[in-house]
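Okay, got some structures for you below.
Okay, so chain A shows up in both of these, paired with chain B first and chain C after.
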Partner chain A sequence: MRHSKSGRSLRNCCFVLLLSISAMAGAYELPADPLESVMWENMAKRFFPGEVVIDQRVIVRAPLDAEDQMQVPITVDATQLENVVEIIALADLNPIPHILTLHPVRAQPFVGFRVKLEQSTPIRVGVRTSDGVWHVNGVNVGAAGGGCTAPALAHGNNDWYKTLGQTRAVTRRESVDLARLSLRMRHPMDTGLAAGIPVFYMSKVEVKSADGVALANLDLFEPISENPTLTIKPLVSDGITELLVYARDTEGNEFEFPLAVPATVDN
Partner chain B sequence: MKKNFKLLTIASAITLGVGLSGSVKADAVGIADIVGDQASTDDIVSYGLGPRGQRYSPLAIINKDNIKNLFPVWSFSFGGEKQRGQESQPLIKDGVMYVTGSYSRMWAIDIATGDELWQYDARLPEGILPCCDVVNRGAAILGDKVFFGTLDAKIVALDAKTGKVVWRKKIADFEAGYSYTAAPLIVPTDAHGPLLITGNSGGEFGVVGEVQARNPETGDLVWTRPVIEGHMGTMNGVETTMTGTANESWPGDMWKNGGGAPWLGGTYDPTSKLAYFGTGNPAPWNSYLRPGDNKWTSSRIAINPENGEIEWGFQTTPHDGWDYDGVNEFVAFDMEKDGKTIQAGATADRNGFFYVLDRNNGDFISAKPFVKNITWAKGIDENGRPIWDPENRPGNPAESADGKKGKSIFAVPSFLGGKNWMPMAYSQDTSMFYIPSNEWGMDIWNEPVTYKKGAAYLGAGFTITPIFDDYIGSLKAMDPATGEIKWEYKNKAPLWGGVLTTAGGLVFTGTPEGYIKAFDDETGEELWKFQTGTGIVSSPITWEQDGEQYLTIVTGWGGAVPLWGGEVAKFVSYLNQGGSVWTFKIPKQLASK
Partner chain C sequence: MTSPVNAVNTYNRRQVLALLAGSAACACCGAVHANKLAYDLAATEIARGTWAVHGRTEYFTLENGGNIVNVAFVEVPDGVVVIDTGPSRRYGEALLALIEKTVPGKPVLRVYNTHHHPDHFLGNQVFENSLIAAPQKVIDNINAEGDGFTDNMYRLVGDWMRGTRTTSPGKALEAQSEEIGGRRFSLYYLSGHTSADLVIRDDETGVVFSGDLAFYNRAPTTPHADIDVWQESLSVIASLDKELILPGHGLQDKVGDSLVQTGDYLDWLQQAMTEAASRGLTMNEAMSLPIPPRFTTLDVVDTEYQRSVVHLYLAFEDDLMPLIEMK
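Right, the complex of A and B next:
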């Protein structure tokens, strides 16, 4: 069904593009926000251009109230959707709302992470499928103030740079063709909003097979918690026994390491 | 109107031609733009308005007659709580200004409006050890990248459009006391293409001075050249040749922490195809611990950028005992003398003498004092070596009763130099150098010292005293052929900013009192000044945009003077910090008057 759409000739594509530009404002009606956020229209316009549907198949798990607003665990599971090309996670009421973007090139549309919250806010996730539709869902998380504008804990240490990028990681084989990768990298993830501390964060994490085939590409942004903690589920059906993780921060520091995928299934 | 339209058509046709050839990006800085920077008035793509560092602009739209009509267009604040000294020279390309600031920050500014395009703040570690304020002196530009060094001894390449980090490389270990404050130098080579060349800083911590050349695209090292005798250079990671001969002018192991940091960066002469770097004083300051000339400290060295070999060296202060760094810029110029044109280069040294050398082979031509009452040497002999006054070298602590403090002496100039980092200018119209200098001396004594990583490695104590009651700063016009000083402007506070001269017959410099001033290049008469609200310790630039000549100066009081000032404090203690860019032009309605 979707194949027929992508099979349009180039000329038709251009024609459609022109049409959509001229009719952008009125083309799609924005559905009401189940989270009743004052930022909904603004967020949708900025991050989800095109058709938006509220879709319960996008599952966002988060605590009702954050015990620690510097480290709020979030899990996004869009595995009930097919042909996912992009996942964007937002915190509507953070001073910097964009948390991360995942391109699950050869991975399940699934990501776990931790986020800093400035105040109570919707955690909103948009999942773009290959037909261009944004499937949006989210949850409200209660939080005390100050997560984004406080200095990282690393600043109690004068030698934080010596452990920069140090990583703990574990890889499991969830099923024959699916791995689950969890990692935690040392990084202050400075937002630039704490007085006198410039912005400095891990901005890119790429998971590849040992021979360099892209599996999952992540763009991280300022709200990701200090010492980023991520869970990703790469597809390992092609006899992949080793993953390569590459990470880069906004100062150009680069980190790269291999991770073995166990041969036996173990949940 | 019609005429303008025609011009536009031609311009777009040319652009199209370039596009078809597919080799040149219209908005990217090429190596030829850098080499020819002095002649092109619509951009500034090198430190020194051309790699020779003459700081001379052929622009004459602003001149002696109309400078009275020069007014500010906009002022841009660096903001934040991080002020301190602003010693930066901005770069200009396609209507955008790239300017660096204290604490390793950089901005891109739209010149037409003064609006910020982007800001980059280096995330510095807490343990940086800059000796003499948290300054930065400027950036380099090539292709689609801008480059600058940071206080933690790193070199960063930023995307010129976005300010995002493209690559970032370590020059040296900041925990051992290295840092970086100079503007990087970009030079052409046949063997490697354009190279990005840096020195290093950290002379007060017993580091080893080194010049490094990198591939600007990747940041990868191409060659390294330590400036201290006994250390090995490298090419593509493989050891090449030793600098000098081990222990020829250094005793024992002292060369291993011998100092000589080329912390002010370098200049390049397209005719000789040599890169000129000045080197810092030897470590430690206590000269009795290191008998010998201590090469190549307090020197000018000429490096062949093709292979990183030292073609020649000239030591201005052999066996230094006064902290007379030899880092000051070596400016290539053609000197008319006795009916001949000499391919010369000149440098105004910390030690108070103005040297003229043959820039091809380093042969000594002349040395004349440019500050008054020099005491450390009685003069310079016919070979260019100082005639030391043994009475005015600080005494050996080992010869004192308790071995803890040597005899104190009074030396002129002070360790902050007859001239410090602030670059001079050379006018191709008057054939004169305009030297920002200071008249001061110091009481200095030696103490025992041993090397410890990351700790100050001086072995000396000191305090600075002005020589005259009413002024320290002195801007001088010097004829390099005769050593004659044609005029002098006296300034109460020490001068700490660079100089610019133009075909408009003007000499510009800033003062710690906050004024940007313009002088008549022939007479020294003060023709114009503007109060910027904080001290000036940076280098002015001028360029042409849309038919108008612009002038820019970065402002913000700081640098080494308030940190090491001694008795000088009463001349400067009231000065306030800041951090701004001021840009001037002659308003259109006054341009014809």
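Right, the complex of A and C next:
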């Protein structure tokens, strides 16, 4: 009996071990790509490790055709999902696909931004919930070509650096416990792909409450359009009346400013 | 004219397939398709001796070949005056043939380009360059952006564009009016739809060719628009002594409805953008705002409105989002 018991526990052990090995080796089957992109497996392997499901509750809004491929507007709304930990936005066929990552620590899983597109591409968004599952959805956007390899407009102006980081912002209280923050920061967002212009972009934007509690953390990457324009929706349930924004670029320039949240709801 | 297009007409299917398989494949596959590509242009007499060539009230497609624009020609005592030349060389050729059919034997004496958008000037190539006239600023705009437009037109409408090259006008206009072949035309140097919009009035018939400052039952386009300036230009056109307006897109208009409608739409656009930008809406949210019922009957209003958001929203944000003081 003893022998058999230990045998069973050994078998159980092996079974658990096998399970975890197979999980590591990608036991989760990758669903077919509704956007039929040649890059799907590659993108999923690189950015969405673990279980992936195609989920229509991840709403990705973008124009069918890029009217201005230097400023293609994208809005991601995953508010139908609960316990969202991380949102990653990708442009499969851009030379640099990773657009941004949002950790909506105390914010709605919602983000608006604009992106440079090098050619027609899927815009793909993965939303990771606290159970580790990636909920993925996206749209195809048509574009003529050349968005990432063209120099920023700022370089037409010799003293562009004088207004580096200059910020415009609108903050509203959309409901008792929800704010909307839209901001634009002057930055060339150089991809490093335009001849003679090294990579230089705003890489981090953090939004905190006045007492330093993290609300939303954004990592931005090269495809984000010049003068990044971002919209996020921080939760302001604890009587928060002021937000602090901290931003940093790849050269270590830091920008910090407070934004008042109006006390009254305006919708 | 002998061209590969005509040559292919005489081949049977097997010969064409053989050609496709051979080294001439690339030159040929377009040509086979090109068999079917012909602009079906018709001239409508909208005033005495004045013909409009109406385009479809659509956006550029592979089917319409860019024929979405109104072009016009006027018979004057000694010849013909042409207003705008269409989206491609092929269109220009069809236009010339139509003019010759309508007013046989009369030479083209003047060709005006109202502004630098590709559907209005890419037929220039087929006309004698010294006869093509536009304000200097229109010529500058064509020189600066014409090649980019031409490339984009190849992408949007494909083989219809074959052989089309950017051709800027040979003559810069300055005068307030000019006499062409025994007829006086008044010239108005306006802007707002683009940075230079020429409006032409035939002083004899009172027909005003408004270019794209007026649209009629077709949503206005705004890639280079300055709405405030555009509204001023609409007032100028409204104040002109005139009998008829031929808008750049849509049917001719006797009483000025096209001006009212265009102004009303631009007003709404401005209000919608102002409201959206001051609320911090994303561009995509702004694009989903409801279009008022009085505009939903305008052709292609959904797509033009979305394009307009992309064209205009950044400037509204710059105006309406306050500057923040850094710590």
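Descriptive notes on the structure:
FYI, the second predicted complex is superposed on the first by the 243 of 267 C-alpha atoms of A that agree within 3 Å, B and C clash if a C-alpha of one lies under 4 Å from a C-alpha of the other, contacts with A are read in each partner's own complex, and residues count from 1 in each chain.
By definition in this document, a contact is a pair of C-beta atoms (placed from the backbone, for glycine too) under 8 Å apart; a residue touches a chain by one contact, two chains touch by 3 or more.
Given the structure is predicted, the values throughout are model-derived calculations rather than measurements.
Bringing the complexes onto one copy of chain A puts chain B beside chain C with no clash.
When the shared chain is aligned, chain B comes close enough to touch A:159, but chain C does not.
Ranking chain B and chain C by residues of chain A touched puts C first. Contacts of A:63 after superposition: chain C is touched, whereas chain B is not reached.
Residue contacts after overlaying the shared chain place A:258 against chain C, while chain B stays out of touching range. In the superposed model, A:95 lies in contact with neither chain B nor chain C. Within the superposed three-chain model, A:172 lies in touch with chain C and out of touch with chain B [touch as defined at top].
Of the two partner chains, chain C is the only one touched by A:112; chain B is not. Of the two partner chains, chain B is the only one touched by A:199; chain C is not.
Of the two partner chains, chain C is the only one touched by A:73; chain B is not. For the pair chain B and chain C, the least inter-chain C-alpha distance in the overlaid model is 17 Å.
Judged by the document's definition of touching, no chain A residue lies at the interface with chain B and also at the interface with chain C.
Contacts from chain A toward chain B in the complex involve residues 158-161, 190, 192, 195-200, 250-253. Residues 80-82, 121-123, 125-127, 156, 164-168 of chain B touch chain A in their complex. Of all the residues in chain C, the ones that touch chain A in their complex are 151-152, 155, 223, 277-285, 287-288, 306-307, 309-311, 314, 317-318, 320-327.
Residues of chain A touching chain C in their complex: 61-63, 67-68, 71, 73-75, 112, 114, 144, 165-172, 180-184, 229, 231, 255-259.
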